[in-house]
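Chain naming follows the written order as A, B, C and D, and within any one chain the residues start at number 1.
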Amino acid sequence: MSAPLLAARGITHVYTGKPALDGVDFTVRAGEVHALMGQNGAGKSTLIKVLTGVESPRAGEMALGGSRIVPTSTLHAQQLGISTVYQEVNLCPNLSVAENIFAGRQPMKPWPRGGGIDWRTLNSRALGLLRGLDVDIDVRRELGSYPVAIQQMVAIARAIDISARVLILDEPTSSLDSEEVERLFAALRRLRSQGLGIVFVTHFLDQVYAISDRITVLRNGKLVGEWPVEDLDHAALIAAMVGRTPEAPPVACGATGDAPAAPGTPVLSARGLARRGSVNGVNLDVRRGEILGVAGLLGSGRTEVARLLFGLDRADAGSVAVQGQEVVLHDPAQAIAHGLGFCPEERKTEGVVEDLSIRDNIVLTLQARAGLWRRLPAAHVREITDRLAKLLDIRAPDLDGTIGTLSGGNQQKCMIARALATQPCLLILDEPTRGIDVAGKAEIMNQLVALAREGLAIVFISAEIEELLRVSTRITVMRDRVQAGTLAGDCGEEAVYAMIAAAPAPVSP
Amino acid sequence: MRALVRWHLFWPCLTLALLIALNAVVNPGFLAFEWRDGHLYGNLVDILNRAAPLALVATGMTLVIAARGLDISVGAVVAISAAVAAVMIGGSLSLGDAEAVSRFPMWLAILAALAIALACGLWNGALVVGVGMQPIIATLILMVAGRGVAQLVTGGQIITIYYPPYAYLGNGFLAGLPFAAVLAAAVIALTQLLLSRTPLGLYVRAIGINPVAARIAGIRAKPITLALYGFCGLLAGVAGLIVSSNVRSADANNAGQLLELDAILAVTLGGTALTGGRFSLVGTALGALIIQTLTTTIYSLGVPPEVNLVFKAALIFIVMLLQSPEFRAGIVRLARQPGA
Amino acid sequence: SGGADGTKSDAGAAKPIVLGFSQIGAESEWRTANTVSIQGAARDAGITLRFSDAQQKQENQIKALRSFIAQRVDVIAFSPVVETGWETVLREAKTAKIPVILTDRAVEVSDESLYVSFIGSDFVEEGRRAGRWLTEYYSTGKGKDFKGDINIVELQGTVGSAPANDRKAGFAEIIAADPRYKVIRSQTGDFTRAKGKEVMEAFLKAEGRKINVLYAHNDDMAIGAIQAIEEAGIKPGTEIIIISIDGVKGAFEAMMAGKLNVSVECSPLLGPQLMSTVKDVVAGKQIPKRIVTEESVFPMETAAQEFPKRKY
Amino acid sequence: MNTAAVRILGLDRRLVPLAATLALFIGLVVYGAVSYDAFLSPQVFLNLAIDNSFLCIVAIGMTFVILTGGIDLSVGSVLALTTMAAAALSKLGWSPWILVPLLLAGGSAFGAIQGFLIHRYRLQPFIVTLAGMFVARGLCYLIDTASIPISAPFFVAMAEARIPVGGGNSLSSGAVIAMITVAVALWLAHSTRFGRTVYAIGGNAKSATLMGLPVGSALVRVYAFSGGCAALAGLVMSVYMLSGYSLHAVGLELDAIAAVVIGGTLLTGGIGYVAGTVVGVLILGIIQTLVIFNGTLSSWWTRIVIGILLFLFCVAQRLIEARAGQKR
């Protein structure tokens, strides 16, 4: 057993009111992957911020390799040997991918060759690094032009390349699909064997068991315990996080249960929807009570379909009909007026309005639909937000506080709440469960199925095939920005994977 | 007490109080009021009166800034509105028997001036929203050309307004208080009411904080932003009327000169972030009062003109640092250290 | 392609003279009258005028002069924003053999031959005249019975500008002779009515009826200040003696109403003088280095009879 | 036409605004050449470089500040203060070998203090540099309200130095200094870690901090650089005018900001080019030249025409950009 690499003792941190961390001990050993687990708002991200000097704790101390440290900033932590990927993608969208990876540590040309940054080396090293993670992109393009999943991979590449002693990853896999996760794990195993201590936060339990050696569980800012991974099975882990033995496993099931409620005219139907440089020829029909899953690999164009359907981007060709009426969608406001609801993929840039209160954030779309002059009565707002917060289990000390003070998962729940608040006839959800904990995810799935049973039509985009299969009535598959085909909801994992992989599958209408 | 210190307007209020106290110490008559000819007379009344145009302009500016914009053309719009009103009212010198004649009815002149100011604001908004220019450049165009337009209207002359009723706007008194100040207060109060009773305030903040998210949430940012620029222009127009009425003349070249800087300064002193989102109209009004009190302080202390700017800068530095939580924390730490 | 030449080109069948003129800006009525006078005179004299407005910036004036040199105009004239900083560009003009005439303000150069002539007034002298009128008023004029200190407040022009510096200096020079004259407050009013009024308001609040005399560096500030004085319930022109400089129409109106005591003239009507000088220069005649404009002092008693003659 | 050019030249999409601006500049030149006889003479263009050298230097410094998402309103006053100090001190007989480094250091220190306040106490750049503007202008008045001629041999020699560029035409020392500054700035922006950190801060300051970039020190250095540029521009102007004057360069900060923004830099930071700023300066200069060449405009029409030209230019720029963006 190796001596602790990074040890934190009695960390207490208070934002306002209730402590976010309360006397937490945390130890990382060299050559281990240490999973940091807990429900949304348990304090994982806060602990990481304290460890890396972003927040200074009210009490407690830290030691790295036996000597006491007081990190004062990310830069300082990096110099000490702690490299971090924070929860939301924290990179600069205006810089190229390669620059983001090497910002602050660019390779320099020697003076005889003029000094300055060696762009060629920089780009080729970035390319190599990303290829190692099986991401093959133009590293000279701005980061902002890539979807979150790619950005997440870039952030990981950056952190990995800063060959530090401790590597901290806060929910790095929330947007990744299984293949990327596998590649990431391969890289992590390599680093582990080199003796790094790796801290890994995720809400996917199978990932925990796939890679970690040790698990620390937090609950409500307190340490629950630390276990070698062998000593804590699935059920015990959930019990430790939730604080009670979980009830019967979640039973969400859309397709395999009842048949779709109303066959009639589709709530939404798209014909030949296309946009240059984006997706091509998408045909969709979503009926009342139906959950249409959208599957596909990273960058396959799922998000772009959702954006076209919601009027966020203008389609070059094709038509969209809502309730049988053809409509022109040039602005999200129009889509909302037609009864569509949307939960965007990138909550940080496209969803959350940071300085507004949680309540305002939740009712924002509902309010916007009411027009410029009519303000929703305060009592009404309170009633709606209270109900949704309870329904989705949003854990906030005060719903009148700003949404920026919520943990990542709780912010995501607010985004779902915002979409639900309008009581749309069609709901488009792009990776709605990103960063939501196990219990919350099951709960949300159940809610969606229940809503569908009441007659709501849902377009559900997710990177997790399993999740899709669990709730979808039908699944449409995107491949290389073209619709590859549509499958029945009970087709089974293999069929979906087969269609996702380039194998030309028969196209069913 | 703690809640009071946390209140976001605490520091602007304290600053204003300190400035007034400084004046009162140096000049004991500073706080004195007098009832003269049916109205209040005194330094504080002057400050209110003088701050009115700035407060109006800064109110419009606050909203534009809150929605991630900027309007540096307000000074030019003040000049245009003043010029239009002056040229339309005009009148001629009449010695002795003050015969009140104006070229056009006064209400028409005022309406015309305000309509043109509104149009100027909408023009700015159209460039920003419709053409997609950066706000500073869009309004720079009007800032440069607008003063030229004003001079074109006046023919480069200072147009003196001989029509006595017009002087009421900038010199008159309502219920003993300067009419301009009452007008500004009313405008600010109404705007505040409008923003809090309708969802407009929420929309403006959302647009300012995260325009992308606001659009996805279904807020129609374009018409709102356009309206904000229009409103800003309109208020600059009102300020133009007050300024021209106050000196009974329109000076196209100098009216509202550098007003945009003062307005932005007032906005910042009031705690509004120039990056958009968070804003406070009352804060802005306080900011305008602080700036005017500062100017008056300079006059009443008898600061020599060469030192004016350094003095003003020193006070601004003190005000800013006081408002910075980091600075206050630093001071507290310094104060604790020797004791501990 | 000089499209807009003069209508009358009786100056000869040859090409009309091209004059490049760089004006400071249009910051005041006075300046506008100056511009109008020059443009009108050029038209009457059949001289093609290339006019450029510098918007108060010396950089722009230098740019304009350079551009005139590049365009090879016959004569360059300009009203300098400030006295210094012209050496280099004037040398360039000299190299290009283009004669330069200064109007309204002089420049400070090491070599007098860089310009042919200076037409205009003398700001220091204007300040002196204002001072002299005041001392006369209190020694031999209406105020000779006044006892005690004479408290003066001064409204300065824009800080750093040449007229403000010079008018302050000239006035101070004269009143320094008698210790009774005390400048108790002096603040800038930026040459505008609005600032003049604002500053005067503050003076009145601070000093009240102690103020005997107001000296304003231009008429506009005086006009603004008069309003402030009236609003304070004091009679301008009698309870407070008011002196200002320029002699614009507004000042005459105030004088006729008995609210302004005197305005020292500073004539902007340099156009005709400038054009005849330009013609002489082109004709190769000998020119005096300094051409002083005729200016007088207008006390309020003469205002009514002078008023109809005023052009600006 | 422009989109075709983009495709043919294989331009980076991010360079489209820059290319558009340059194309429009050439358009303005052609317009001038068609309208006015003497317009196409080489000296007209050299004058563009000579007369705008200090604006160019100031705008370069401003570019870095704006790239971080900040603004520096103090530059015009710092420039004026430098001319005053140069004039006053050289009158006292100070050697230029001491004076020049001293003034450059002074300007940088002035900027660094502003940067420190902005970073350390989280003050808004606008208000800090506005106060800085008042301080510097106020210090000018304290030195002297009148203008001070400069007759020190070093400055005179610099002023008279002309770098021949053939055909009897020449450049001033100031123009050459401006060009060197541009070269240095290009290198700083695109080839140093400092420059890239500046871009990163503008992209997202919070992210830059979380990426472990030295945000604080970069901010201080950016404002110091801007202050240094202003001081350098002040020296260039001292040479150009051979005088120090407290009212020099009033409003220059706005021209500089306009040049930067016209050059395609976003005021919100993170996106823009030093080269764009140079084109922006040239655009402002050529507009001014066009107006002067016209020679028939009254004072107010001068303003209106400048406004109209700016308007036409910006609209054209936006249209080209929008079209290029669509067809990427």
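One rule holds in what follows: contacts are C-beta pairs under 8 Å (C-beta built on N, C-alpha and C of every residue); 3 or more make two chains touch, one makes a residue touch a chain.
The shown structure was predicted, so the numbers you read here are calculated from the model rather than taken from an experiment.
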item	value
Pair sharing more residue contacts (C-beta pairs) when A-B is set against B-D	B-D
Between chain A and chain B, centroid-to-centroid distance (C-alpha), Å	45
CA centroid of chain B to CA centroid of chain D, Å	30
Chain centre separation in whole Å, for chain C relative to chain A (CA means)	71
Between chain D and chain C, distance of the C-alpha-averaged centres to the nearest whole Å	34
Residue list for chain C, restricted to those that touch at least two other chains	25-26, 32, 35, 159
Two or more partner chains touched - positions in chain D	141, 145, 298-300, 302-303
Multi-partner residues of chain B (each touching 2 or more other chains)	151, 156, 305-306, 308
Those chain pairs that satisfy the touch definition	A-B, A-D, B-C, B-D, C-D
Interfacial residue positions of chain C with respect to chain D in the complex	1, 3-4, 20, 23, 25-26, 32, 35, 39, 49-53, 55-60, 62-64, 66-67, 70-72, 81-85, 87-88, 108, 110, 158-162, 164-165
Residues of chain D touching chain C in the complex	35-38, 41, 43-44, 47, 50-51, 54-55, 140-141, 145-149, 151, 159-160, 237, 240-251, 288-289, 291-293, 295-300, 302-303
Chain A partner contacts - residues on chain D that touch it in the complex	14, 187, 190-193, 196-197, 199-200, 202-204, 206-214, 270-271, 328
Residues of chain B defined as touching chain A within the complex	197-200, 202-203, 205-206, 209-210, 212-220, 223-224, 277-278
Touching residues (chain side chain D, partner chain B) in the complex	69, 73, 117, 120-124, 126-128, 130-132, 134-135, 137-139, 141-142, 145, 254, 257-258, 261-262, 266-267, 298-304, 306-308, 310-311, 314-315, 318, 322
